[in-house]
Amino acid sequence: MQSSLQLTESGRLKHFLTISGLSKALLTEILDTADSLIEVGERQIKKVPLLRGKTVVNLFFEASTRTRSTFELAAKRLSADVLNININTSATSKGESLSDMLRNLEAMASDMFVVRHAQSGAAHFIAESVTPGVAIVNAGDGWHAHPTQAMLDMLTIRQNKGQFEGLKVAIIGDILHSRVARSQIRALNTLEVDEVRVIAPNTLLPTQVESLGVTVFNDLEQGLNDIDVIIMLRLQKERMHGALLPSEQEYFQLYGLTQEKLKCAKPDAIVMHPGPINRGVEIESEVADGPQSVILDQVTNGIAIRMAVMSMAMSGQTETKNLLAESAS
Amino acid sequence: MQSSLQLTESGRLKHFLTISGLSKALLTEILDTADSLIEVGERQIKKVPLLRGKTVVNLFFEASTRTRSTFELAAKRLSADVLNININTSATSKGESLSDMLRNLEAMASDMFVVRHAQSGAAHFIAESVTPGVAIVNAGDGWHAHPTQAMLDMLTIRQNKGQFEGLKVAIIGDILHSRVARSQIRALNTLEVDEVRVIAPNTLLPTQVESLGVTVFNDLEQGLNDIDVIIMLRLQKERMHGALLPSEQEYFQLYGLTQEKLKCAKPDAIVMHPGPINRGVEIESEVADGPQSVILDQVTNGIAIRMAVMSMAMSGQTETKNLLAESAS
Amino acid sequence: MQSSLQLTESGRLKHFLTISGLSKALLTEILDTADSLIEVGERQIKKVPLLRGKTVVNLFFEASTRTRSTFELAAKRLSADVLNININTSATSKGESLSDMLRNLEAMASDMFVVRHAQSGAAHFIAESVTPGVAIVNAGDGWHAHPTQAMLDMLTIRQNKGQFEGLKVAIIGDILHSRVARSQIRALNTLEVDEVRVIAPNTLLPTQVESLGVTVFNDLEQGLNDIDVIIMLRLQKERMHGALLPSEQEYFQLYGLTQEKLKCAKPDAIVMHPGPINRGVEIESEVADGPQSVILDQVTNGIAIRMAVMSMAMSGQTETKNLLAESAS
């Protein structure tokens, strides 16, 4: 997938599809923008006019109240008009093709599609065909990417650790089925942390996972040694096909993060989880609710990151559109 | 349930969970505030900025388009951003606990949860655990309370009768299964009407109903004698378990409000019903649509009452938050 | 159905139910208003305050994400507050009558109902009983009318052809089950095009279709001869009862619009379709996406037309209400 798809000619963001191909400078710009927008959520009046009069369409081909809510809130705080379209109940049941539906939504002068889809590459596919001026934001596509989730994690790490240099980060759990993990690994490597480790049984690791730039551990305690940042993954039970997993109890015993196991990491290590948590499966409640957990900060940062990429992509599209208009005249 | 849960230290409203524990002065303040907001619904531009930039989450664990619509309209006329979450279709299906969901919504900087739940006490439970600054408004919980419905009834009574002193009020129908009736009885007694009567067969009365401060009548005509205000309840067919009721026809013959029976009350008695009406079951169409009916006024007043409690609770939360911030600094 | 139902005493629009009974001058006013609103969709900030502080209720008794979306967007760009009510999931399941539901929504100070219903005449029925001040906009009722669709088609024709005089227009397909076709035929005749043709097998034509002011062709190539505007209809498979149709393949061979067949029309003929398209059934992709197709312009115009009739009807209602208030005082 071409990285240039999501960038303007001058290198600014115009879609937000994947971490892959984005520079350290651009990821840092997203984090800086989000940092400045966190303050909006703390105001008495949580509104900025960055997307005022813009139409944001939440195009969810896969139900996710949670993710939809964060994008809807982010868009509303940017003063956009929001249209929620749940595709299961829409015109595709009348046999309309995806492409025809997109052309129609464009013709209604939509400015942005926030796309959630069960198939990998769906957001790219849409971005490739969309009319200039319309921004695509990937809200999760299949096993491929969930880049706003990865960026909110990066923001949370930077808030707590100040910088990425020198950090050792462990990602624990079902790497194989996790779109979040793929995006996280790319972001962490681009931001030049010292080391990214994945900790999982071999059955939950993609083949040749090392090529992503990670070191592999099958043992939780060994993997946690000297770690600054622990990223737990959600056990995607609904994604499992076949018997890749032992029982939940066995999984918890081997890979569940307990207070005891947490001691293997650095004393000031932070614990992250994308939610929703399976308490007692991936993580013990004492850890999830404990002093090292930054799980709720991740949620707060999620709104700020979404506001940041939405406003940056919209601004990139406006630049592109203006250039096109100039060259046409 | 502690009454102090819904009040600030200075005695102002910060949640609106139940009528129980609220003073006559506070109920009167709600009515006065609603009175001043009724005018908003009559303007060309039905908007006031009282909740501008606030995020109101309609958290409906039990479907009710009707109640959800009134809260959504009230919030929008207060200029809030509204997020509708229907829990049947949300992340709880991914096994997220209620508590985790609430912490997440708080972390998104939500300002208010309007809660509808099939279980009694749900709104209290949520208010007990919610972070300071977030207001809870009870939109109906199990058999327990439906306090905005009760307050819109009080507003309708005051509009028509001028005061509560000296009034005789009859509540007719399925008291046993009615969250509305419990809230109404408390409000009427707090506002010091002369007498509250309940008129129902014994099978539809809670045990020891007299302890709520009501007189009991099994006979409709006797009970209506000398009455100023008639409050019909909806027959909650969907709430019935077992054979508490005779047939609908028999019920109508005994407890249905007809023009004939209405004559037993004072000539200027008003007739109220929370809707939706079962015409010909609880009430005859001639009465529902007749000159003594104030049923549609109740609906109009419902928007004003919801605007009033939402803005008062939000303002109470802001007071609390500012106090906390001061004491922290 | 009386045409006066949708007009004020001074002849301005106050509901928008059907093309029938509207004058050429009024249709032209709608087109002119829409023309001036198209520009809003091209602005950086797509907002005008024409319905600011008004409550628009999308009352959909028949699911249609597509139509609902266009009305929702139109209302939001006019700055209205929008409430979506899907009747399948609402209080009618509690046995509330349609009439009671409407009285309730009126009592909430709703200003406009956008009504979609599977039964012919539903929008009229509602307009007849609605309280003064509330505007009804028909978003499609049964086989009867879909007047905003017809008007967006007229706008598209005028944009491309400059005027209606002298035009020959062909409507092709399932006239029998099409609410769109009925509205189109009326609008085209009122706007005084030269000729309206319907092209279909007899099984898909209403009896006495000529009385609507059309000439009938069973043969596509003959019917297209000398045509300026081609309006394809969607094959309403879901509306078919019984074997009115040959197979889809046979239909395409006889009535499907191909590049070859398109040559029978004038060289500058435009091709229209209300969407969603059944590619390869009514129309060949090469035609749908070709240079003569104005299908996506129709979608863009749909927003402008809906904005136009919503703001005109609201303004007519305000006039009526003010007159009533004056005569009452």
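Going in written order, the chains are labelled A, B and C, and every chain counts its residues from 1.
Just so it is clear, a contact is a pair of C-beta atoms (placed from the backbone, for glycine too) under 8 Å apart; a residue touches a chain by one contact, two chains touch by 3 or more.
Source: prediction; values computed, not measured.
Colleague: Any idea if chain A and chain C meet via the same residues, over half in common, or different ones?
Modeller: different
Colleague: Can you tell me the C-alpha superposition angle of chain B onto chain C, nearest 5°?
Modeller: 120
Colleague: Taking the mean of the CA coordinates per chain, how far is chain A from chain C in Å?
Modeller: Each chain reduced to its C-alpha mean, chain A and chain C end up 41 Å apart.
Colleague: By the touch rule stated above, which residues of chain A touch at least two different other chains?
Modeller: Counting only residues that touch two or more other chains, chain A contributes none.
Colleague: Which of the residues in chain A come into contact with chain B in the complex?
Modeller: 41-47, 63-66, 69-70, 72-73, 76-77, 238, 275-279, 296-297, 299-300, 302-303
Colleague: Please name which positions on chain A make contact with chain C in the complex.
Modeller: 52-55, 81, 83, 85-86, 89-91, 94-97, 100-101, 103-109, 318
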